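In what follows, chain A forms one complex with chain B and a second complex with chain C.
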Partner chain A sequence: MIWDWRYALEILPDLIRALGVTVQATLLGMLIALVLGLVWAMLRRLPNRWIAGTIHWSVEFVRSTPLLVQIYFIFFILPDRGLTLSPFVAGVLALGLHYSTYTAEVYRAGIEGVPKGQWEAAMALNMGPWLTWRRVILPQAIPPVIPALGNYLIAMFKDTPMLAAIAVMELLQTAKLMGSETFRYLEPLTLVGLLFLAVSLVASRGVRKLETHFAGR
Partner chain B sequence: MTLIALIPPLMKGLWITVGVTLGGALVAAVAAFAAGLARLSRHRWLNVPALVYIDVFRGTSALVQLFWAYFALPLFGVKLDAVTVGILVLGLNVGAYGAEVVRGAILAVPTDQYEAALALNFSDRQITWRIVLPQALPAMLPAFGNLLIELLKATALVSLITLGDLTFQAQVLRGATLQSAQIFSLVLIIYFALAMALTWGVRQLERRLAVGQDRGGLHR
Partner chain C sequence: MPADNPHPIIRLRGVSKRFGDTQVLRSLDLDVPAGQKLALIGPSGSGKSTVLRILMTLERIDGGEVEIDGESVWHMDRGGRRVPADRTHLHHMREQVGMVFQHFNLFPHMNVLRNVTEAPIHALGTPRAEAERQARELLDLVGLADKTRAWPSQLSGGQKQRVAIARALAMKPRIMLFDEVTSALDPELVGEVLNVLRRLARETDMTLLIVTHEMGFAREIAERVVFMEQGTVVEDASPEVIFSQPREARTREFLGATNSKLQV
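Moving on to the complex of A and B:
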């Protein structure tokens, strides 16, 4: 059993196409995670203890339980409630929801990094809470945490193979099908690993650039 | 089936989840210290392999690694059963992240500690074991606690290489009863309880290791 170059080259175009699906799922999932995470981080700062506490524990719960089970949860349970989702949409929702609990922590760090005087100054200028968040707090809180958010983008990219469990035709699922057709798992799975490695190494170099960029400000 | 009736079949899977988590944690701890220390070594033949290990395991996906070890590795004549693959691969995966934690915590030990030890004529080995690690270990624990939760969550992936863990049993039950909502809610709650227990355990350990340290710990 040795590596078969001809077979590897034959399947490479299909794998690269499947990488496109993986990247799409990652970007859409990250979009959800970026928005929801900010919502959790802001809700957690509400003076109402009940809301803040509920959000805190819900976020903790989602972050401490496996993404795979959450994918199953969304995929198998929402149809019972009359909402049938395609595997891709269910998977992207689960990815976004799961990672929103990580981005919420990142935003929280950013928000806590804004000096208290900024809140007080906004209040002294008679700005409402919405205006304070939008024009004073968030513009200062978000830029420093962009590299940390980038790291979670990479982490999410590496978690998208879990969508194979609900038969989304992303990179791993495509490779698995190729393997079951030809009984040659070595080439497809190795290529998938190499593709992941290439993308995440390039991406983490990008994040490091972002870090130096924002550190210099 | 009532909620109570769902519990015994899930318990069967729970023990596999706990076993893979503990086994994986052991592998991860060994790998993290070995690779973390090797990364700090001046010798290139220790440094470079550690870097390759860390980059490969952190740069690819845990599920891809499991699949590769389970489906592709046998073609090289290395045939491991699902439990062994689960424990080894997840342990090595988390260990690669742990190696960076070990490295960071060791680098954070102030250099005058090394200088003082050197002035007292300590050997390299003594400096590592008597001076550096006892100070670096408490700094590693919070990050190790987070990694332990990541490991617990990652064990759900072994259900995809046919190992009968909690998630696997949930899928079997779902097929048999179609009570998706009850089953998956219950399973999520069990995972959360496990995570809370692990977090509590790590915090106890942090408290114990903080005894006698003049920073961190004391005011927690």
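Moving on to the complex of A and C:
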């Protein structure tokens, strides 16, 4: 099979549009992962051992099962419980939920890095738990772990092709359809690879910048 | 505070505390009248810091009773029944107490002014302008009026500790706890912090509990000195008695060892 430049150029605009869907899914998924992960990390520190333990094992469970299974679960099984979601929404939820178990670990490391004396000072100043979290602990716990969170953003971006399994029209799914129409897979799939490479390279550079930024503090 | 106040501002009765296998406090009794300047001395591990941490509710007790101004810290009354203190009750108890730590524990992500105004604004609801005015007064009191915009990382240990004192004072506590506040400082910075404590002892009617290894300082500003060892009070007397003619052999031994260490 010989590379066909004309065909490649012809499909490129549609692939770039599909890249938009991929990026959207990544950003929305990451937003969910960032918020949920923080919720898990904070709940795990509750003095109530029952809640903390339940959260711990639930997070462990989600992290230890494949993302693809979770995507299928949310898309095919939740409708039986009366919750029907579009492929895009189901996919984004699955990505966000799955990656929240990783971001939870990252946050945990950041939170544990805050000295115990900070909690004690906040208590001695009669700041309640919410105030302590919001104004004392999190502003110190999060900045050092932003680069690690950025790495998960890139990892999630590279996991979005799994959404093709439930027919989200992201990059891989779009390329697959193009291939099945023309029986030429070489150009679409190569371009998919190159587009992923380009975005990942830019994002990695960004993360490295963040690393040097926060290392210098 | 009326002179015939029937109860001391701090009362510990049979307080015990254990960390794992170590009994830190053994049925400790201690009463502190309002306004008293009290120094707690003793070897490390004697439980003196634990007393402060219990009063600040940083540690729970295993037995006994702690009262602040006649109110139980760890229990409350609900419909005539004695129940464990809830969050609101502990919040109310902490309003009366402030604490300064050995390692300062300033908030490193806030400048000096915000370190002092943070809790008044967000925990007490003081308007920002008022909180900042008070903070400037307090920073002036501790000799740091020109450092309001500095970051903790730019300050010396002595300056950090003085900010920490201002921060605790901003909550207007009736009781101030000082937990070895000069132990982490370079020797040349100890004086500036002790000067602030001296001023507080002379010019305020707050109750001060000072855990210290600075015996000369304890002798100078304390009205009463409590010598603790192995979780109990060994001797409780005026500084003159403790430092000149201690009744207990253990007190003599401890002070003798401290003195000879200082002479080395």
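Throughout what follows, the second predicted complex is superposed on the first by the 217 of 217 C-alpha atoms of A that agree within 3 Å, B and C clash if a C-alpha of one lies under 4 Å from a C-alpha of the other, contacts with A are read in each partner's own complex, and residues count from 1 in each chain.
The rule we apply is simple: a residue touches a chain if its C-beta (ideal position, glycine included) is under 8 Å from a C-beta of that chain, and two chains touch if they have at least 3 such contacts.
Remember, predicted model here, so these are calculated numbers, not experimental data.
*Asks:* Would you check which partner chain A:S64 touches, where first means chain B only, second means chain C only, and both and neither mean what they say?
*Replies:* A:S64 sits against chain B, while chain C stays out of touch.
*Asks:* Looking at A:E120, would you say it contacts chain B, chain C, both, or neither? Reply first, second, both or neither.
*Replies:* The answer is second: A:E120 touches chain C but not chain B.
*Asks:* After lining up the shared chain so the two structures overlap, which partner does A:I55 touch, if you call chain B first and chain C second: first, second, both or neither?
*Replies:* neither
*Asks:* In the superposed arrangement, does A:G193 touch chain B (first), chain C (second), both or neither?
*Replies:* Touch status of A:G193: first partner only.
*Asks:* What's your read, chain B or chain C touching more residues of chain A?
*Replies:* When the residues of chain A touched by each partner are counted, B comes out ahead.
*Asks:* Does chain B (first) or chain C (second) touch A:G128, or do both, or does neither?
*Replies:* Second partner only, chain C.
*Asks:* Quick check for you: in the superposed arrangement, does A:F73 touch first (chain B), second (chain C), both or neither?
*Replies:* Only chain B is touched by A:F73; chain C is not.
*Asks:* Would you sort A:Y185 into first (chain B), second (chain C), both or neither based on which partner it touches?
*Replies:* It touches chain B, and chain C stays clear.
*Asks:* Let me check the overlay on chain A: which residues of chain A are in contact with chain B and also with chain C?
*Replies:* none
*Asks:* Inside the complex, what are the residues of chain C that reach chain A?
*Replies:* Going by the criterion above, the answer is residues 56-58, 87, 91, 94-95, 97-99, 101, 103, 105-109, 118-119, 122-124, 164, 167-168, 171.
*Asks:* Which part of chain A faces chain B closely enough to touch in the complex?
*Replies:* 1, 61, 64-70, 72-73, 76-77, 80, 158-162, 164-165, 172, 175-176, 179, 185-186, 189-190, 192-193, 196-197, 200-201, 204
*Asks:* Across the complex, what residues on chain B touch chain A?
*Replies:* On the chain B side, the touching residues are 55-56, 58-65, 67-68, 71-72, 75-76, 149, 152-157, 159-160, 167, 170-171, 174, 180-181, 184-185, 187-188, 191-192, 195-196.
*Asks:* Give every residue of chain A touching chain C within the complex, in rising order.
*Replies:* 115, 117-118, 120-121, 123-128, 131, 135-136, 139-140
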